[in-house]
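Right after this note come the structures.
Across the two complexes that follow, chain A remains constant while its partner is chain B and subsequently chain C.
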Partner chain A sequence: MLHAILSDKTVRLTALALLALAAAGLMLPAWVVDNMMFGLARGAAVLGLLVLWRTGLMSFGHGLYFGLGAYAVALSEHWLGLSDFALRILAAMLVAVVAGFALGFILRRYRDIFFAMLSLAFSMVLYGILVKTEALGSTDGFSVSQTTFLGWAPEGKQVLFSAIIAVCLALAVLVQMYLRSTLGRLTTAIRDNEIRVEYLGYSVARAIHIKYVISAALAGAAGGMMAMALGQVDPDSMVYWTVSGELVFITIMAGPGSVLAPFIGAIIFEFLRTYAFEIAPHAWQLIVGGTLLLIIFFLPGGIWSLLERIPFIRRLRHD
Partner chain B sequence: MQLLFTILLDGLVYASYLFIVAAGLTIIFGVMKILNVAHGGFYAWGAYTAAYFIGAASEMGLPDWFAFLIIAGSALAVGIVLGLLIERIVLRRLYDHEEILIVLATFGVFLILEDLILLIFGVNPYFAYQPMVALGSVEMGGIFRDVYSLTLFGVALLVAAGSWWMLTRTRWGKLITAVIHDREMALIVGINVRRLFVVTFCAGAVLGALGGAYIAPTVSVAPGFAVDVIVLSFAVVVIGGMGSIPGALIGALLVGLLRALAVHKLPELELFVIFLVMSAVLIVRPEGLFAPAKARKI
Partner chain C sequence: MKPNLLKLACVFGLAASTALNALPAAAKEEFKVGIVTFLSGPAAGPFGVPGHQGAELVIEAINAGELPAPYNTPGFAGARLAPIFVDEAGGNTKQVAEYRNLVQKQGVDAVIGYISSGSCLSVAPVAEELKTLTIIPVCGSPRLFEEGGKDYVFRTTGHAVGDGVAAALYVRDKFGDAPAYTGINQNYAWGQDSYKFFDLAMKTINPDTAASDNPQFPKLFAGQFGTEISTLSLDKAPLVHSSFWDGDMEAFVLQANVRGFFRQKTFISTLGASAVDRLGKGFPEGVVMGTRGEYGLLVRNLDTPLNRWFVDRYKEKYGEYPLGPSYQYAQSVLALKIAMDKAAEAAGGFPKQAQIIDALTGLEWDSFGGRVSMALGGGHQAVHPVGYGITGWNKKTGEPEATGVVFYPADCIMPPEGQTGIEWLEAGMPGASC
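== the complex of A and B ==
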């Protein structure tokens, strides 16, 4: 098993890229590190959407799990006083997995636009609850205090940054292993022809349900990391449909080619947004929207398909 | 009793404007199978154009009834111009792509339309209350209500009757019905489906813009005010059945009345109720409550 992981070239490349990023973090200015953390956090949620998108399913409501993860971090501090990194991540993933498992029984029956719309409706139900409930912070949300590591409260953001990188690496490796397993390889088969998959003796509904729970767990972890990086959770920046829209946007921009793509795409998105906002404060949505259209028209494989022009990366596909 | 009446009135007013917007969305979905997120952009553009020209007209000292001409004119102009441009530049390239990608493309268009508004109209809110003031208010069963919002019923009924007449009594309507039922068969019998798409998209866009233009005098038209409308009209369309005008009517009534009830009785449940109903409908009848029966294709 360990050998299989270490010999996977995508895993090696991802590990190399993320370790380089962690090292670079020691030298980069604080705002760049902040942006990288937001990018990595969002990247984990996009990785979750990638798992679904490879089957042709797209959720317009992953803000649901992103928000659940973020609120799990905020509320576990508010109610239980938790501030430990590992416990926060676990809480975020646990809440998302439980919700994803329950809703999965319903969602696994739907495809295409209905799957997307029902996810959207579920996420807006959570938004409606959060916005109007005082005990859950209402529209103001909560602030999230500094994250500790086994009781140690480090100065600056470098340690949190490295910890987030470690979590992202672990998630990427696990997803890569899943995609290479039999269950994961059903992904493409289900997209191409569900009936044939059933004839092969696999349950399509079950495969999609598992996929959905994995994707919810990833988005939950992502929301948790976002809450820690941002130090603040509120319904509009964690659950509203525009949050889900951004995640879908990054998925398309990054392309479904590799587990590394979501992180690259999300970091680029974060900087695109920062710069677009700085250069043209009233036109950053225009730049983002225009980019989306151009990618849909001219680059259906996303940014990853550009990277695949490099022979060494192209070979990963057949690995 | 009075509260009940207020709820009913509020609900109907809200339902009327939701119906106008959602009718445009549902007709586009029915014919083109495109879930058009950019619809919110049409709505915002209609509102801004109307608010701007109503303000300008009142400064020039034109009579107040002129505002109604401006509302109709803005809706037509915005809908046709934006509809033609977006169909030509964006949608035409994507007709053979996956549905989800087309939805995303319209999301991109929505973002662009939002920022074009900021660039052209600026960030300050617009107020165009003149027609509302001109019509005054009226007492009904012990409560006061501005006449302007009551005229919304008329407009909504006009849209409902007009689209019913269009779809069932005209040649265009028959062609559209044929395409809704079976696009491929329609192509085979010689219907120019592409041209029908253009007409439908523009008609839908005009309705979206009309919703915005008509609501403009009753609200402050500020950046980002269309974001809510998108998901609400999605909810209406999904509840009623995607692609069905009577469905949109029922959906709008349901959502409008539920929202008014929630606002007056349990304000904390407002959005929650609407999307709970939407989820419930999708779970029980994913095609919507009043979706027409379809022949199963193999």
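== the complex of A and C ==
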């Protein structure tokens, strides 16, 4: 098993890229590290969307799990005083998995735009509940205190950055293993012809349900990491439909080619937005939206398709 | 294989490091300040743009030394203030990221900004972490200093508790015999808090006025209030409290006015004053209007040299009257100037940040609308009188006006040091002197 993991070239590439990033983090200025943390956190959620997208499903409501993860971190601190990194990530994923499992029973029956819109509806239900409930912080949300590691509260953001990289790496490896497993390979088969998959003796509904729960867990972990990186949760930046929209945006921008693509896409997105904001404070949305249009027109396979021009990376596809 | 892998790692490194080259060099005689207001979205019209204009006007005047005495020395401790304007829209996540960019990337010396409670609450811990002087002009949530003291964050305006208590005092003085009150507030943190503070203050100040059991909380930016207007009209309470602003305020006024709502009810608006100018003659008379302090409509005719200068120059430059947020942003800029000048004098040279913070802590100064003192939050939270007036139309000038304006001093309306607003209100406002 371990050998299979280590011999997978995508895993090796992802590990190398993320370790390089961790090393670079030691030298980069603080604002770059911050933006990268936001990018990596969002990247994990995009990875969740990628799992669905490979089956031809797109969720317009992953802000639901992103928000649940973020609020799990904030509320576990608020109510229970949790501040440990591992516990926070576990809490975030657990809440998202439970919610994803429950909603999966409904959502697995829908496809295409119906799946997308229904998931959007569920995310907006959570948004509505949060905004209207003062005990849950209403629109002001909560601040999240510094993350500790087994009781140790390190100075600066380097340790958190490394921990987030480690989590992202672990998630990427697990997803890659999943995609290479029989269940994972059903992904494309389901997209191509559901009826045939059923005749092969597999339950499409169950395969999609599992996929959905995995995707929810990833988005939950992502939300938890975002809350820790940012130090603040509120419904508008964690659950609102624009959050889900951004995730879809990055998925399209990054392309579905590889488990590394979401992270690259999300980091590029953070910097794109930062510079757009700085250059055009009155019209930054135009720059961000314009970029997506250009990518859709000229790079339908996303940014990853650019990287695939490198022969080594292109070969990964058939690996 | 190996070289290709390396190539990829290099791409990563490069992408990140090219960003470094954008770092600008800061000149010594320049003091760089990030000014954050809403430049897009629904809060831009009533808050962001007026705030932006108020800051811009006063920064330009101080840089040129054109403010009336005693503030007519040019510059901030002699330095020119170079503003970097940033949009507050995009959510709190975006604001935290942008705050870091301002400090760590653009290298600003201080930040003045934040209108929404959500953004100021999320940015304040980051300001503490990055140890950067941050002056908050508008944001009104009392939680800012209730959740632990701050070393680098200041707020030069009062908070929502004062707005609610002053409204209750105004009710006592002008509508003391009203049997009951209700409210219509947007269903988000600001709306929920505003009604809660007013409600608690009413219980202490006007115990004979009953609370309606059916206050309305429509969705933020709902735009359509037909049902709520019907419900409020059927409610027997003649007083209606509201913290509506912008589109919701205007939509509500237009929809309620045609149904004769304002002849039937006394509408108490804590921050809807932008609609008074916007709707002009279309705005109903007899509405109780507040501006969160000695700002905007309520001090438009106040005849002090500083206020005359501000109102006239603002009108001349932007073609409209300064609103509450214009005053509040101008007030923050002025506080920074006074603190920096004072610190420079004490230090005998250009002051360090710690010296500016010392000078700003507990500062008292004459601002455009009146006197402000940083009396709470360990000298970081401003107090000042808050008042209300009644809207009317001045036929002579052809402009809206406020009459019967009463300001309530800070020690009547703000909780004492060390007590949260809710605790103080629930305890029956001990120590309030009126």
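Just so it is clear, the second predicted complex is superposed on the first by the 319 of 319 C-alpha atoms of A that agree within 3 Å, B and C clash if a C-alpha of one lies under 4 Å from a C-alpha of the other, contacts with A are read in each partner's own complex, and residues count from 1 in each chain.
The rule is simple: a residue touches a chain if its C-beta (ideal position, glycine included) is under 8 Å from a C-beta of that chain, and two chains touch if they have at least 3 such contacts.
Everything quoted here is computed from the prediction, not taken from an experiment.
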Is this a clash or a fit when chain B and chain C both end up on chain A? clash
So in the superposed three-chain picture, is A:L16 touching just chain B, just chain C, both, or none of them (first/second/both/neither)? second
Would you sort A:L293 into first (chain B), second (chain C), both or neither based on which partner it touches? first
Please indicate which partner A:H282 is in contact with in the superposed arrangement: first for chain B, second for chain C, both, or neither. both
Tell me the contact category for A:Y199 with respect to chain B and chain C: first, second, both or neither. neither
Check the residue A:V248 against both partner chains and state whether it touches chain B (first), chain C (second), both, or neither. first
Pick one for A:K132: touches chain B only (first), chain C only (second), both, or neither. both
Return first, second, both or neither, reflecting whether A:G56 touches chain B, chain C, both chains, or no partner chain. first
Looking at chain A, does chain B or chain C touch a larger number of its residues? C
Applying the document's definition of touch, where does A:M238 land relative to chain B and chain C: first, second, both, or neither? second
After the superposition on A, what does A:A116 contact: first (chain B), second (chain C), both or neither? first
If the two structures are placed on top of each other, which part of chain C overlaps chain B: 256-264, 292-300, 310-318 or 346-354? 256-264
Using the superposition described at the top, list the residues of chain A that contact chain B and also contact chain C. 131-132, 242, 282, 284-285
Which residues of chain A touch chain C once you look at their complex with the stated criterion? 12-13, 16-17, 20-21, 24, 28-32, 34-36, 38, 131-132, 134, 137-141, 143, 226, 230-232, 234, 236-238, 240, 242, 267-268, 270-271, 273-274, 277-278, 281-282, 284-285, 307, 310-313
In the complex, the residues of chain C that touch chain A are 1, 4-5, 7-9, 12-13, 15-17, 19-20, 39-40, 85-87, 90-94, 96-98, 100-101, 103-106, 117-118, 121-122, 125-126, 129, 141, 143, 147, 187-190, 192, 217, 220
So in the complex, the part of chain B that touches chain A is made up of which residues? 35, 90, 93-94, 97-101, 103-105, 107-112, 114-116, 118-119, 123, 227, 230-231, 234-235, 238, 267-276, 278-279, 282-283, 286
Touching residues (chain side chain A, partner chain B) in the complex: 56, 58, 60, 106, 110, 112-114, 116-118, 120-122, 124-125, 127-129, 131-133, 241-242, 245, 248-249, 252, 282-286, 288-293, 296-297
